[in-house]
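Structure provided below as structure tokens; questions to follow.
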Amino acid sequence: MVLADYKYKDIIHRCFRCGYCKFPTDWMDVNNCPAYARFRMESYSCGGRLWLIRAWLDGKIDWTDHLAQIVFSCVACKNCAEKCPLNFSDNIVDMITAAKSEMVERGSIPSAVKNFLENIQRQGNPYGDARIKRGEWVEGTGIKQYEGQEFLYYVGCVGSYDTRAKETAKTLGEVLLKAGVSFGVLGNEENCDGNEVNKLGEESLFQMLAEENIQKFKDLGVRKIVTLSPHSYNAIKNDYPKFDGSFEVFHYTQLFQDLIKGGRLNVSGGLNARVTYHDPCFLGRWNKEYDAPREVLNAIPGIELAEMERNREATLCCGGGGGNFYTDFLGGSETNPARIRIREAYATGASAVAVACPNCMTMLEDAVKAEGLEEKLKIRDISEIVGEACLVKRD
Amino acid sequence: MAEILVVAEHRKQGLADISLEMLTKGRQLADRASGELLAVLIGKDVSRYAPQLAQWADKVLAVKNDKLEQSLAEPYQKTLSPIIKERKPKLVLIGHSSFGMDLAPALAVELGAPLATDCTNIAMKNGVVTVTRSIYNGKVNAVYSLAPSETVIVTGRPGEFPVEEGQQRGSVEEIDYPLEEEIDYKRLEGYIEPEVSEVDITQAEVLVSVGRGIKDKGNIEIAEELARALGGVVACSRPVVDYGWLPSGYQVGLSGKTVKPKLYLAIGISGAFQHMVGIRGSKMIIAINKDVKAPIFTVADYGIVDDIFKVVPILTQKINELKG
Amino acid sequence: MDSIYKSLAEIVGEGYVSNQPEELFIYSYDLGTTEPHRPDYAVAPRTTEEVQEIVKLANKEKIPIAPLGGGLSLAGLAVPLRGGIALDLKRMDSIIEVNERARYVVVECGVSQGQLSSYLEKHHPNLRHSEPGAPPQATIAGNIAIHGQGDLAQPYGFNSDMVNGLEVVLPTGEVCKFGSCSISPNWFTLHPLPDLGLFLGWSGTTGIITKLSLKLYPSKKIKGVEQFVVEDEELVPEIVYKITHTEMADDIVAFSQAIPPMTSGLHHINILMTADSEKELEFKTGLFWDDILREYIRNGDGGFLNLSSAMKAGLTRRPQVSKASDWKKGGGFEYVGAIMPVETYPECYRRGVEISLRHDIPYTVLGRIIGRSHAMMFSWTYAFNRADPESIRQAREALHESDDLALELGGTIWKPGIYGQKLVMERMDPNTLKLMKKVKELLDPNGIMNPGNWEVS
Amino acid sequence: MDIVVAIKQVLDTSEAVDVVEIDASGKDIKKGALISRINDWDEYALEEAVQLKQKLGGTVTAVTVGPGEWDDTLRRALAMGADRAIRIDEDAAAMDSCVVARVLTALISRLSYDLIMFGAQSEDLGSGQLGPMVAEMLGIPHATLVVSLQVQEGEARVSRELEGGVLELYTLKLPALLTIQTGINRPRYVSFASIKKARDKELKVMSLGELGLSREALTPMVKLEKLELTPAGKRAELISGSAEEAAANLATILKNSGVILSG
């Protein structure tokens, strides 16, 4: 593809590189773009990336591994789109994703991304673990296979395979059982939701995954879906309708909010802790859900919610988006955004970081260890905090 | 009476270990079948090696060819096929080396002989040769039988047949290279020795070695940190070099370097045999890999079955704590 | 491997040096119309010591260094005209000290305007600095290195007049401190030591500013704004004169622009005020409505716009990126900012409109008052389409014509690009020029600091 | 420049997948959970061929001997840039290398070729025999374990990888056959769209008969007797517990073994 065929050829040069995209809402820190925070070279800022993409499509620079690294180091956290003052801001992430797509089509992508996508093509998960192991986490729980219950509990790849996130998936299931929610899971029948595949620019693979999933959901008569991961939530809510798959989809924190309001989820067990909450990009900036998780936490007696300097629209991404929880282009340094975030969380004096996303969970867990703070700062998924408040202290 | 022919292979630095391994195995088979063991060697001043071969072989056939600095497939094939056709050995043993891989299949076709390659075990019962091969990434052993015929050819996997000193005092017959015509369709242009990397992994006492499981160049950092904590250096298995994550100088294994450190810590290495061959000399081997069935655990002294990205950073930190 | 690259990597660490095409491409451009020039290395140091090592290396190897803050000068001042090292200083971003009582802040050179504003707002709500009308990533040091001005220019002058102390790495690698900080831990004044003003306004050709102390000013609780509009540009200077006489305004900006068409040709004079109480604000506002500008309203020469609270909020909000950057749907604009006598406003406006028309660019002119009408920074802004070379050429010509104009009208050019620098030096008195040359040669014997700029032939 | 690349489809038994089981016959593994994919080495061979074609022009033909399911892999080859694909519809599992070599030789001798490429070995069986056998049958020169390749004036300059990372440099007259070692290039990613696009490229299926061969005439000389899972043999002492516990214990072991010197 040449520039003339590029979907955003008429706007990509309109980036002035004024740099607003690097900042949080209040400009307190130039580091709110995860890739720029990590590398601190203009090439890794959103504006730099756009200029490089244009130069590449325009034949001014050649494709290199390094260029691919720069393009794929965008973790689609959407901070740029949020902060850009110009009127094409909504398209910024799309402009970068379109460039990823072009590299995907040419087949020249970083090997980590190649492995990620091939693993999904083969095994339906980025890790390349066997499909038939997807449902293993269910073992030993009372969680049932989906067969027409009210909700389909869609777990996603990270919750199904990552050792730590599997515990979260379990706990969430147990809380839902405890609350008497009628739900089931797909187990080995579940397939990748494709959110990351989409953000990595592998459009046709995403379409295939979406269409297969939609068909499966329809065949099983699924109407309502509750997801563990905001990434799944985003794909099913915002992208599946394009493939004629409209379902009533909730992130579990939204469901919790209703259950607590409706008195079906009793968190009066309480829990004494000062907790800070890390907004996941695919719940916050992508879907504007900032309140449900906070309301759930505030509903638990004894929990004191301490906000980090950068929160809500201004949140610093953990770096786990756009497949980077696997490809990890931002790792290997103390400027790894996840580690910056942990230091910010620690500064609030909280004893735990509440997360609402398995990707954030794994990224921040690694970061808290890298910072040597695992004794002082726990990474807890909201489902686990709620679980402790309602499961542990049984009547 | 059964004759076993071992094709000896020599490199600049001398006889290839694999040839001694094949001779050892050949000797055992010959004794059991009360047969004769013949070793064939072709090249420049081969007489130099003949006595060594004669420790195992009943007879050494040393074919002198001054053009041949070290073993090459074509001249060997041209020399061997008439010899084999004439002597009809029951079994021809060749090492499954870069040389053997080039030679054996073509030779087998020329002779119309059954061929089994890369064998981890070889047996000969009343004239029938059966072999064991390790397949499906080392997860399965397969036993094959070779159809009875004048001659069968088997290549053996390096490192599977431990060398035992030979007690033989075989005779040596030197002959001149029979064919003089140039092989014009395939010219040898020379050799390139491996690039010397900044760190010499063969000299390191502690090696932290990464494999495919490290997933990306950027992640090698965690291994470097661990290596630093242990006062060692980083090494790697083949895929890491294939992906361009580390220069080839860091590669351990058959096509890389053979290492003998005090501690070999394998991170995300499944343990293909090509790799394992290179680490046998290690005093202690520790493997961290999420696949409990990874072959690396069959050579490791200790193992952790878990996600390397979880374990390694903690391990580094614990070690630094212990160092105080 | 490239030995210079290696040494740079040893100084700042592998991650913060690059000689790869991608970084070299990005650092070869600034945001204006200047032709790109490729550096050989991009380097992002973290400490003064690292900067020293880099400068020493550059001297040894005789390679140029082009220092870079926010990279927003637009005039190409951070473009590595002779290649060498593009030195991105944005990692040096610590706010070292705020002295509440003596009202100053000590910052590293990479601290951005946005970062400082937001820091003061959070931690020292009674203090503010003079914030330029630039995007938040513009740096404090970059701004004073080019004699920038901000939204307190009218009461207090140029930002470079607000400097209380400097730490500079000389082109030969030594570190020098200037002001009270050179003899005590306090950074509260630049005077009365012998004046060595060798760095302000030199656009990074005489050294690299690594730390500086900047004066802070009272930040009052409420912001107010009034917008007075006149049709006749001839009235603007005297109106400004009268407003400044009150000493009640913070920032005074007169502007006129082609977009939106309905207000094209009108002159808007923004009067920004701050106060600690509604009462104080009412008093100030009243002063302008009822006394100072009353006659103009009576004679029908002009009047105050009735600003909705939303509009007021918009006008008092921190600077946003100029929408002019996208008027050509092309993400580019550059302006000539000249320091002019206020009375030249009418001529600056009329001739600016002509130049814009000639080059088919919607005109945008603006005068920000510096001091009590002592001067104004008058900007002729030209939007262009980055994707259209012809449009860039047009803008470049318009800019050169504006440089010529500024000098023709008896002004001086602020942060001139190469073309403007030539014009200025052509007119400069020969002895001053000689001294500039001597100073430059003395400080930078190998000519490595941002070469191409302020070069006396 | 006409290039023929012989490829095969294998079951992914790599480390992530620890579900290899022997089936009832005792002579094969259970396909059940396992995913099929192109043999790793063959992917490098294909990439090399496609890059060569993009440089010098000509055609790339991917050939294989295998059952219908293997068309997936051929489609993938077409998506990578092969111009056409031919599958000989036979179950290669019932053959030995020599027989497969004879079938491929019969096929390739009917095609036009300057260069023939094989993967140096297969992931599943790894005997590495096919290439040199086919070369011998066609009577053309061959080189195995090729890690670099340049083609000019009817010659191929290659380097072979020997033990210890030593490279052996050869010039071969074309036509020649090369077996390709991993790492010679970086195989491109094959996007889902490109696989779809490749659907209209020619994928020809042929029978032994069409090659003038018959099963009867193709008796294998090497016979599979039995399969068994690799016995655990010497196993590492596995350190159990959470990542933290395991790491801590290992650190202690290292200290006790004197590898860590406190200081």
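In order of appearance the chains are A, B, C and D, and numbering begins at 1 in each one.
To be clear about the criterion, contacts are C-beta pairs under 8 Å (C-beta built on N, C-alpha and C of every residue); 3 or more make two chains touch, one makes a residue touch a chain.
Quick caveat, the model's predicted, so the values are computed rather than measured.
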Contacting chain B as well as chain D are chains A
If chain centres are mean C-alpha positions, then the most distant from chain C is chain B
By Cα-centroid distance to the whole-protein Cα centroid, the innermost chain is A
Sorted by contact pairs, first entry is B-D
Between chain B and chain C, the Cα-mean centres are separated in Å by 69
Dist(centroid_CA(chain C), centroid_CA(chain D)) in Å evaluates to 63
Averaging C-alpha coordinates per chain, one finds the centres of chain A and chain C separated by a number of Å equal to 40
Separation of the C-alpha centres, chain A versus chain D, in whole Å, is 37
The positions of chain B in contact with two or more other chains are 243-244, 306-307, 310, 314
Expected list for chain C, residues touching two or more other chains, is none
For chain A, residue numbers touching 2 or more other chains are 111, 163, 333
Checked against the stated definition, the touching pairs are A-B, A-C, A-D, B-D
Per the touch rule above, chain D residues touching chain B in the complex are 11, 13-16, 18, 20, 22, 29, 96-98, 101, 120, 123-133, 135-137, 140-145, 157, 159-173, 176, 181-183, 186, 220-239, 243-244, 246-248, 250-255, 257, 259-263
Contacts from chain A onto chain C in the complex sit at residues 10, 13-20, 22-23, 26-30, 39-43, 48, 51-52, 55, 60-62, 64, 66-67, 70, 85-87, 333
The chain A residues in contact with chain D across the complex are 104-109, 111, 113-114, 117-118, 121-123, 127-133, 163, 202-205, 207-208, 374
Per the touch rule, the chain B residues reaching chain D in their complex are 11, 16, 97-99, 101-106, 108-110, 113-118, 130, 133-147, 149, 184-194, 206, 212-213, 230-231, 238-239, 241-244, 248-249, 251, 254-258, 262-263, 270, 284-287, 289-295, 297-307, 310-311, 314-315, 318-319, 321-324
Within the complex, chain B is touched by chain A residues 65, 110-112, 115, 162-164, 326-329, 331-333, 365-366, 369-370, 372
